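What follows is a pair of complexes built around subunit A, which joins subunit B in one and subunit C in the other.
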Partner chain A sequence: MNKMPFYKRFIYNQKLAPYVFTAPFVITFLVFFLYPVISSIIMTFQNILPGRVEFIGLENYRRLNDPIFFKALGLNLRYTLWTLAILIPVPMLLAVLLNNKHMRAKNFFRSTLFIPALTSVVVAGTIFRLMYGELPGALMNQIIGLVGLKPIKWLRLADYAMIPLLSLAVWRWTGVNILYFLAGLQNIPPEMYEAANIDGANPWQVFRHLILPMLKPTTIYVITISIYGGMAMFTESYMLWGGNRSPNNIGTTIVGYLYRKGFEENNMGYGNTIGVVLLLIVLVVNLLQLLANGFFRKEKDA
Partner chain B sequence: MRRLLTLVLAIAMLLSLMMVAPASAAEPTKLEFWTFQALHVEFYEKMAEIWNERNPDRQIELVVTSLGYDDMHNKLLIALQSGTGAPDFVDIEIGKYANYLMGETQLVPLNRVVEPELDNIVRSRVDIYAKDGNYYGICFHVGASVTYYNQEILEAAGVDVNSIITWDDFAEAGKVVLEKTGVPMATVEANDPWFFLQTLSQQGSDLLTPEGEPNVNSDAMKKALGFYQQMVKDGTAMVAPGGGHHAEEYYGFMNFGGAASVTMPFWYMGRFTDYMPDLKGKMLVMPNPVFEVGQPRSVGLGGTGTSVTNQSQHQDLAVDFLGFAKLSEEGNLKIWEIMGFDPIRKSLWGSEELKKPNKFIDYFANFPFDALIEVQDEIPAIVVSESLPKTMTAVRTSIMTRVFEGMEDIDTVLAEEQALLEQTPN
Partner chain C sequence: MKQRARHITILQILLFTVLAVITLFPLYAIVLASLKPTTELFRFGLNVRWDLPRMSFDNYVYLFTGQEGYFRWFTNSLFITLIQTTLTLFVSCFVGYGFAMYNFKGKNLIFAGVLIVMMIPLEIILLPLFRLMLGIGLVDTYVGIILPFIAQALPIFFFRQYISGLPHDFLDAGRVDGCSEYGIFFRIMVPLTTPSFAAMGILVGMNSWNGFLWPLIVLRTQSKLTLPLGLASMLSPYGNNYAVLIAGSVFAIIPILTLFFIFQKYFIEGMTAGGVKG
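Coming up: the complex of A and B.
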């Protein structure tokens, strides 16, 4: 055994093998994730300028008592709630329809609904900005003109700003969520539908008592990533307002504000603080949501 | 696409340059240059060509990277912060400039080339890029604020442009224009301050105090905003379609005679020639009105300081080339010919060279430099400090839109925004 050359001993070593195989992931994780996160947390206690970095204790956290930060937080929260309210039920229903064996032209609908997800947000955002232009000739103003409404300055008035943001999100993410739900639906064994039929369940009862509970793991997953996506939304706002400067901050998101403070105004310490606080908020919201949905309980019961 | 084309062209030009260069010439030194404005590339390429003809032993080869505005400024910030990856020299927009002077300045002082020329140029255009007696950047232009009038509309309303001396005259003329032609006299911006800042400097005020602290809750600010808000109430002014004078919506609106005038810096001429072709021959370039006769009529606005970074391996060469490109007479002439900017070398303004026809001379109904020469001693600079980026952000995102779009009470808006600015760190 000891006569084997070093490299062979290394290769055939059963104790080392698992570490060798996981090394690429572990190293990437340490270098590109853990290190940035830790250095980011350290930077929240610093004031950072080229050649002059100083510790300022909790000053950056004290600065968070900032009306624009709360405004941005409010926008993200409302946006997240709206996307949850629309982007869970609608794609679920569409997926159930697409999965129904009586549905015609399934593949056609499946691909048309999914195509928007392949479009870059940058392109889509630019097109949506033009659609929601303020002049009477812009598409949306023409449409509301058909029912006799006056042109609206969609992107410059706080009351309307959520509409372009949400329609962009719905247009883009419906297809992706349908895909998740379709995958979930494949996991429901056909026998269960048969059993439900034999018991005389009507379509609503099948949906309510069979499909909905069976889709629960998928739904929880989609809710979790939607909360993350909603709270971290940035590109959509950036593209719709053609830069990170919406009038009166009606479209400023938390990440947009982080970007403004960190990069546009050269205050890395405060920018990092906003980032760390956003991470905490998303973690807490998601943990509460998972707790409420019985995500942790389920494992124990099983 | 245009950027790609520029790049291909640039490479082609460089290749052809290398081909014709005599074999004995020194190996060209590569200088890396970043800009956020594709328009500037053509200028620097041209200047490098002239430089190489004059200095056979100090040949340079420009390696140009043209990026988006935010993209370039952010990349530069990170490169200077981390100490690696910055170009030899770079264009930095004035609104962002203060970010690069914070902490230990990572730019190279240009005093060696700037100081000998101080008397020939508009001094404030290098002062705005200075810190502790060191000049770190040189501007492209003065950016003198002027008012562009649509002659056709004024004539239809029977208003004589030379009779508009004060802002009161301007507002009165606006009422006549509105009554006779139905279009507003002026437009205001909800997302930019360029149309507006001369009304502060005319009253000897600024967005910042002379010490560089935010000063938006000033009497001058109240008076100036109040003047424009009243015009909006009267219908003689309106918020520019699209929110500002750089919106596609506005270009179309103005091009078809949507408003009788627009107050913008001199560099706005290029927007007329490029985006409002139908106004050719109809626009007059005039000095701004004032609140009281005797106040300075203009102010230098906007600007791009070109700077050399301390990461450059060829700092001396970069500084010399920069001085040649932006301070010499040839350089300033090219700045006007290629980009239509008002060059900082004021001795040039009256020269015959400037009168040679180009697309800007052809476009305007009068000779644009007449307005500039008239106000040449009335062009102060705005105060630049580390508080400028956040103050500009407040003006762009909050103050203008609250006052002109929301028509909110000016005193309340300014008090709130000032308090907010004071508690926000730089």
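Coming up: the complex of A and C.
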């Protein structure tokens, strides 16, 4: 064995091979993930000026008592709650209807509803920015005009800011979430529907006692990515308001504020503090959600 | 009973037809707007009026003849997407194979890393990651866009699952035949996993083609911008360039839409890859 040239010993070494295979991940994880996360946390205790770094303890965390930060936090929280309230039940119901054996042209409808997901947020945001234009002739104002409402300055008033944001999210994500739920529905064996039929279950009972429990893993997954996506939402706002500024900060998001502090105002310490808070919120909310849904319990049973 | 089922089916088809129309309506509106002079937009806002005598492909012609460099952004995006997708697929498959085929010390610890990356929003490390790029001189380069995300968690997870489902016998068979560990991967494994490359390739490729936040931070030079960045730069405080913005947006969807109609099955597989049986 030792007679072999070095490179041959290397490529035939079975003990070493798994470490070589996983090395690209380990290296990128350490350099481009772990190191940034740790330096991000360290920077939250610092005031970073060009050429000078000073330790300022918890000062950056005290600065979080900042009306614009709370406004941004509120926007992402409301956005997340609304997307959860709409983008879980509606796509689930549509997937159940689409999965019905009497339904026709399933693939056509599935594909059509999926098409918006192919557009980038930039393109979709451009379309919605124009649809929600403030001129009386702009599309949304024309539509509400049909039922006798006066034109609205959608992107200028805090009361209406959620509508363009949400409709954009619903437009882009309904089709994707339908796909997730359809995939989940394929895990229900047809015999179970037959058994439910023989037992005389009505459609609501079938939904409540068969479909809903069977869709639970999919639902947990969709909730998890929705919380993640909702709290980190940024590009949607950036496109709707044409940049990182919105009148009175009605469209400012947490990531947008982090971007503003860190890059535009060069305040790395405070910017990172916003990032760390975002991280904590996403982790805690998702952990609570997973606990409430019995995710960890189920893992143990299985 | 049959009669009733038929009524319900008709109602369902009706419901989905209405939803399909609503879904396609914004796209219809933007395509229509792209065919009209942009002065229309300033005067009336986005609308769906047909105005045949004034409609033309002028905006599209302007896309490729104007000064904004649309064609440049388009080819930049194409270049980045191709490189990033190829590298990410290859690296993720390589790593996924390691997780699927071997048992080794530290495996669980390393795999926990994959799960953590999947659960933490990238947005929170933007600032330190940017500083790192600045430190190693990768700001305003394509390497800076591609390198940090070359070993992505979701594709690794996907390939690990996929390869775990394949028979393990060939590993020993390959060793008996005198293949090296890497020879087994390249000569036996890669051909076997090719079918699964399509779905993942579409997922990674779409994210790359549509990527916004990270390229926004890394790139500086106007001529290096990607398509989404170039389009977004048309929204400026000094007036928006709607000819490029609208026609350019429509034109940016076309490649993806074309691929979608050809490879629908893989799109759907790719999109649901993360959701199946966690």
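What we mean here is this: the second predicted complex is superposed on the first by the 302 of 302 C-alpha atoms of A that agree within 3 Å, B and C clash if a C-alpha of one lies under 4 Å from a C-alpha of the other, contacts with A are read in each partner's own complex, and residues count from 1 in each chain.
Convention: a residue touches a chain if its C-beta (ideal position, glycine included) is under 8 Å from a C-beta of that chain, and two chains touch if they have at least 3 such contacts.
Note that this is a predicted model, so its numbers are computed, not measured.
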- Between subunit B (first) and subunit C (second), which, if any, makes contact with A:279: first, second, both or neither? second
- Task: Name the contact category of A:135: first (subunit B only), second (subunit C only), both, or neither.
- Result: both
- Message: Contacts for A:171 in the overlay, against subunit B (first) and subunit C (second): which applies, first, second, both or neither?
- Response: second
- Query: So, does A:50 touch the first partner subunit B, the second partner subunit C, both, or neither?
  - Reply: first
- Query: Does the superposition put A:13 against subunit B (first), subunit C (second), both, or neither?
  - Reply: second
- Query: If you count the residues of subunit A that each partner touches, which comes out higher, subunit B or subunit C?
  - Reply: C
- Message: I'd like to know which partner A:67 touches here: subunit B for first, subunit C for second, both or neither.
- Response: first
- In the superposed arrangement, does A:87 touch subunit B (first), subunit C (second), both or neither? neither
- Message: Quick check for you: in the superposed arrangement, does A:263 touch first (subunit B), second (subunit C), both or neither?
- Response: both
- Task: Could you tell me if A:35 is touching subunit B, subunit C, both of them or neither one (first, second, both, neither)?
- Result: second
- Residue overlap on subunit A between the subunit B interface and the subunit C interface 133-135, 243, 263, 268
- Residue set of subunit C touching subunit A in the complex reads 5-6, 8-9, 12-13, 15-16, 19-20, 23-24, 26-27, 29-30, 33, 41, 43-48, 91, 94-95, 97-99, 101-104, 107, 110, 113-114, 117, 119-132, 147-151, 156, 175, 180-183, 185, 206, 209-210, 212-213, 217, 228, 231-232, 235-237, 240, 245-246, 249, 252-253, 256-257, 260, 264, 267-268, 271-272, 274-278
- Message: Which residues of subunit A touch subunit C once you look at their complex with the stated criterion?
- Response: 8, 11-15, 17-22, 24-29, 31-33, 35-37, 39-40, 43, 94, 97-98, 100, 102-105, 107, 109-124, 126-131, 133-139, 141-142, 171, 174-176, 179-180, 183-184, 187, 217-218, 220-222, 224-225, 228, 231-232, 234-235, 238-239, 242-243, 255, 258-259, 262-263, 268, 271-272, 275-276, 278-279, 282-283, 286
- Within their complex, subunit A touches subunit B through residues 48-52, 63, 66-68, 133-135, 153, 156-157, 243-249, 252, 260, 263-268, 270
- Over in the complex, which subunit B residues touch subunit A? Could you list them? 70, 73-74, 77, 80-81, 83, 96, 99, 102-106, 190-191, 241-243, 249, 389-390, 393, 396-398, 401-402, 405-406, 420, 423-426
